[in-house]
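First the structure, in the form of structure tokens, and then the observations on it.
To keep things simple, chains are lettered A, B and C as they appear, and every chain counts its residues starting from 1.
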Amino acid sequence: MSGVLSSSIGRKVAMAASAFFLMFFLLQHFAINLTSIFSADAFNELSHFMGTNPAVQFGLQPILIFGVVFHFVMGFVLEVKNKSARNIKYVKNNGAANSTWVSRNMIYSGLAILAFIVLHFIDFWFPEINHKYINVLPEDPTRYYGELVHKFQSPIRTGAYVAAFAFLALHLLHGFKSAFQSSGMSAKRAAKLETVSKIYAIGIPVGFIVIALFHHFNQH
Amino acid sequence: MDMNLKLKIWRQSGANDEGKMVDYSLADVSPDMSFLEMLDVLNEQILNEGGEPVAFDHDCREGICGMCSLYINGEAHGPDRGITTCQLHMRKFKDGDTIYIEPFRAKAFPVIKDLVVDRTAFDRIQHQGGFISVNTSGNTQDANSLPISKHAADEAMDAATCIGCGACVATCKNSSAMLFVGAKVSQYALLPQGQVEASDRVKNMVAQMDLEGFGNCTNTGACEVECPKGISLDNIARMNREFFKANI
Amino acid sequence: MALDSKVPQGPIADKWTNYKNHIDLVNPANKRNIDVIVVGTGLAGGSAAATLAELGYNVKAFAYQDSPRRAHSIAAQGGINAAKNYQGDGDSTYRLFYDTVKGGDYRAREANVYRLAEVSANIIDQCVAQGVPFARDYGGLLDNRSFGGVLVSRTFYAKGQTGQQLLLGAYSAMNRQIGRGKIKMYNRHEMMDVVLVDGKARGIITRNLVTGEVERHSAHAVVIASGGYGNVFFLSTNAMGSNVSASWKIHKKGAYFANPCYTQIHPTCIPVSGDHQSKLTLMSESLRNDGRIWVPAKLEDAQAIREGKKKPTDLSEAERDYYLERRYPAFGNLVPRDVASRAAKERCDAGFGVNATGEAVYLDFADAIKRYGREQALIHGDNNPTAEKIDKLGKELVKAKYGNLFQMYDKIVDEDPYNTPMMIYPAVHYTMGGTWVDYNLMTTIPGCYCIGEANFSDHGANRLGASALMQGLADGYFVLPYTIGDYLSDDIRTGAIPTDSPEFEEAEKSVKDQINFFVNNKGTKSVDHFHKRLGKIMWNKVGMARNAQGLTEAMSEIKALREEFWKDVKVPGSADTYNEELAKAGRVADFLELGELFAKDALVREESCGGHFREESAETEGPQKGEAKRNDADFAFVSAWEYTGEPGDAVLHKEQLEFNDIELKTRSYK
């Protein structure tokens, strides 16, 4: 199997597999965040569950972190390899004639998302870890909603979130279909996924943007 | 309605030499000329001026041998679709146009001279499994003793029409050869004769493809658009499935 | 030297089997000690190289292209004949044999053609086993189509790319052997000369087209499979690099050249559009199944069309001359290639040509579109369709049948053939003549073999459609690998052939001398300049219709042109690098010699047969008036030419053709 992962197709499938996992995570994250618009209690309850359940914390969380890191590291490795597969560049290249901008620039949308994740970790994840495992502060199952609303006070941060989700949409517009193609789905079936792909790629990021703006403009 | 053109052409005297774009002017180009005939006229002009003609690959000049290449105005085989460079005609251009002509670029396709590149990496991939191991004795079973569904035969034929020109590699932002290899793997994977060695074939061909230094496919789909024979991306997906099957 | 065809005795149906049973074989251990050189990797060379390697010989294969897969066999469109009788329509080995001999106007060697028909069925089995995706019907069995000049459906095909698929099949067999190290492949290498040691072919001198290096390669036998020489006309349907040099070099070293004047001029090609033209494109013969060929009936209409004042669609039925239907009511538009080509030339010479150059006739699908449209409407249950509906349905069907050809035409000519008739004109396509070989496919040089289009053997004076692929593969897969063993069985104790002998030394020196001459010659005109002029002489005087005066003139004009070439040719660049002009110079130098022999052969053959039409030898009366007149009493022989120093001084040797199994008849298509 180790030989498989060092092969081009193996890496491609691994990228797709980690993408599927991340897309599933994103959906789940979105569903929980969405509740914050309708009910602070529901959001608190779900967040508390996710934040304290040992299966999530010690089972899924490490997998998620591995998935994120793997997807990025592999993405960079492939980008470097792919770049080096053409040692002299074209003087004139008309990429727009045969492919979409998003498909050719996954690395840039990906980098923007990476920058966002760093911000996101600083905002939420590091304080969480600090709260729970380092300083071991007393647990308050209702603190989550307040923290969330507080974060979206700053227009700069909100703006950064909105921008990051725009990049996420670009990344998903190609990435969603690409993951299916990489895992061997035929073009005929992939064509049927076109609509689902668009709904997911635009719907989820727009949803996150709506949540961010909702809280920004509804400060209590 | 003859045209005057400015040409910017990659000139490189040998594999290990530095190359650069060189400007040429060409007058009275007929729109009925093929692109390569236009280059013939340019070469005659260069030769008469005491220079060395531009080297480019070409042979059948009817779109089937796969020898001609050229990256014209930023596209493999130029701006027209479903054709090779030798089938491109000058009526696709206008009087006064500037045309960029570069070789197919990939680390696995080193330049030999000017616009001529070495595409033997494709041959080496095929040496690793681009065949069915059957002796050419003629003592095989009768051709009709093995019925093959029309659908499978037609699909195999579509994959087999690949002319091995390398436009997929040239146009791919990653210089990936997966459309080419996928087409070859697919042709055999779709036919019962090819099943026996399917697993070894896909493993060996993919290993050689990686060894040659081609990049990885990121599904931009550019290769399918620029392929002069319209080889479908499906072939890459099928190769991925075959590879998967072979490794589990 | 007297010609010995070495045709085995016995009844024709048993000759090959009996012969195979009695020839000498080389045991597998000894094959490992024997080297064979194959020059050219098309259907014949590719299949031969693969099979010889599989048998155990060490094969060195050479191609001027960058990959064996690019040989011009790849451009064959229509199909491959085989006497499988899958359709149950009465086909048999004998019938394929008969059709081929008759189609060749009774100028082929019976025993070779019978063997070809015999092994044809094996080719299909072999190719299917290799994964060649032939067309199939819904039951999963192989489909056949019918081709010109025959009464059965025996043509197997893979869309319009049969040659491509068969070549890729042979190439895949080569790949298997290259992977195993049994074939050493030399891409971008050109054979510059053959080396004879003690009178036997023992190697070749090559030039590496990338580095310019001149190399010596030795072997126990040399197989030439370098294709035809149609490019002597400059414009032809051949690939740009197709050349006669390998055949010509062996000719100059002792191989007789047979029937050089037998050239197939294909009637349905896209006409020349201007002086810049570099090659001609064939439109498949299958188009004549549905297209009707015509020119304007009145000269003034033809002129108006040439000047752009009238369109072909402006002419009423009465104003059109469907000259093939008029002259050949029985076969109409489906007369054989040579007849259709001459008829087109006759009309254009008389001033009825329809494009600016005056050298084009129409191939019109309007009637087919109407006929199919009505048929389709009926199938769809519409008994009273409108004209628009007929037109739409008809075009759809024509598109399904010929879409790729129509698209190709549109790209080249920039006219939509669905709405205006196509323009076509004959073009040089295939050369039936070539190196003389015996039944073993060996030339008159011991140990030097010649296969595929490069030899003269199977098609007589005219080749039938879908037979070239059959012959190339038959020679390479099934004939040569047997017959060469008979020769090589004497070489099992010879050991490797050294390349430092004086013979190699001398051959290499003369190659280098010629290369150095070219790059140092202070000429003023390009290689193409001379090639185009040669082509014009050939086309005008040694083309579709030939006469003694023109041929005599052609001989002296070509000789003069050759002398001018050697004085005034300009080859830029150096010898030790990639230099296409240098490669072309060597090829054109050989064409300039072949051209003269070609004209001489045509001059000597004072009869009309197949693709060779002598104006002096036509029927002067009766229903066949104006048609080609064969002369079996005086010319039922193969002309095999021996080189003596000047192409014009070549010595003629005759191989008398005997017809024991087929009765000689006049071909009539009236």
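The definition used in the following text is that contacts are C-beta pairs under 8 Å (C-beta built on N, C-alpha and C of every residue); 3 or more make two chains touch, one makes a residue touch a chain.
Given the structure is predicted, the values throughout are model-derived calculations rather than measurements.
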Touch graph components, with subunit B removed from consideration: A | C
item	value
Central chain of the complex, centres being mean CA coordinates	B
Rounded Å distance, subunit A centre to subunit B centre (Cα mean)	37
Distance from subunit C to subunit B - Cα centre to Cα centre, in angstrom	26
Distance from subunit C to subunit A - Cα centre to Cα centre, in angstrom	62
Subunit C, residues touching no fewer than two other chains	none
Subunit B-touching residues of subunit C, taken from the complex the two chains share	47, 50-51, 54, 65-72, 74-75, 84, 86, 119, 122-131, 133-142, 158-159, 161, 164-165, 168, 171-173, 175-176, 178-179, 185, 187, 210, 237, 239-241, 273-274, 276-279, 281-282, 407-408, 411-412, 414, 477-478, 526, 528, 570, 572-573, 577-578, 580-581
Interfacial residue positions of subunit A with respect to subunit B in the complex	1, 4, 7-13, 78, 81-82, 84-95, 97-100, 103-104, 106, 174, 177-178, 181-188, 190
Residue ranges of subunit B touching subunit C (in the complex, touch as defined)	13-14, 30-34, 36-38, 40-41, 44, 47-48, 50-53, 55, 57-67, 80, 82-83, 87, 89, 91, 112-113, 116, 118-120, 122-123, 126-128, 130-138, 140-144, 146-150, 153-154, 156-157, 160-161, 163-164, 187-188, 191, 193-194
Contact footprint of subunit A on subunit B as seen in their complex	8, 10, 19, 21, 71, 73-75, 79, 100, 102, 105-108, 171, 173-176, 178, 206-207, 209-210, 213-222, 225-226, 232-234, 236-241, 243-244, 247
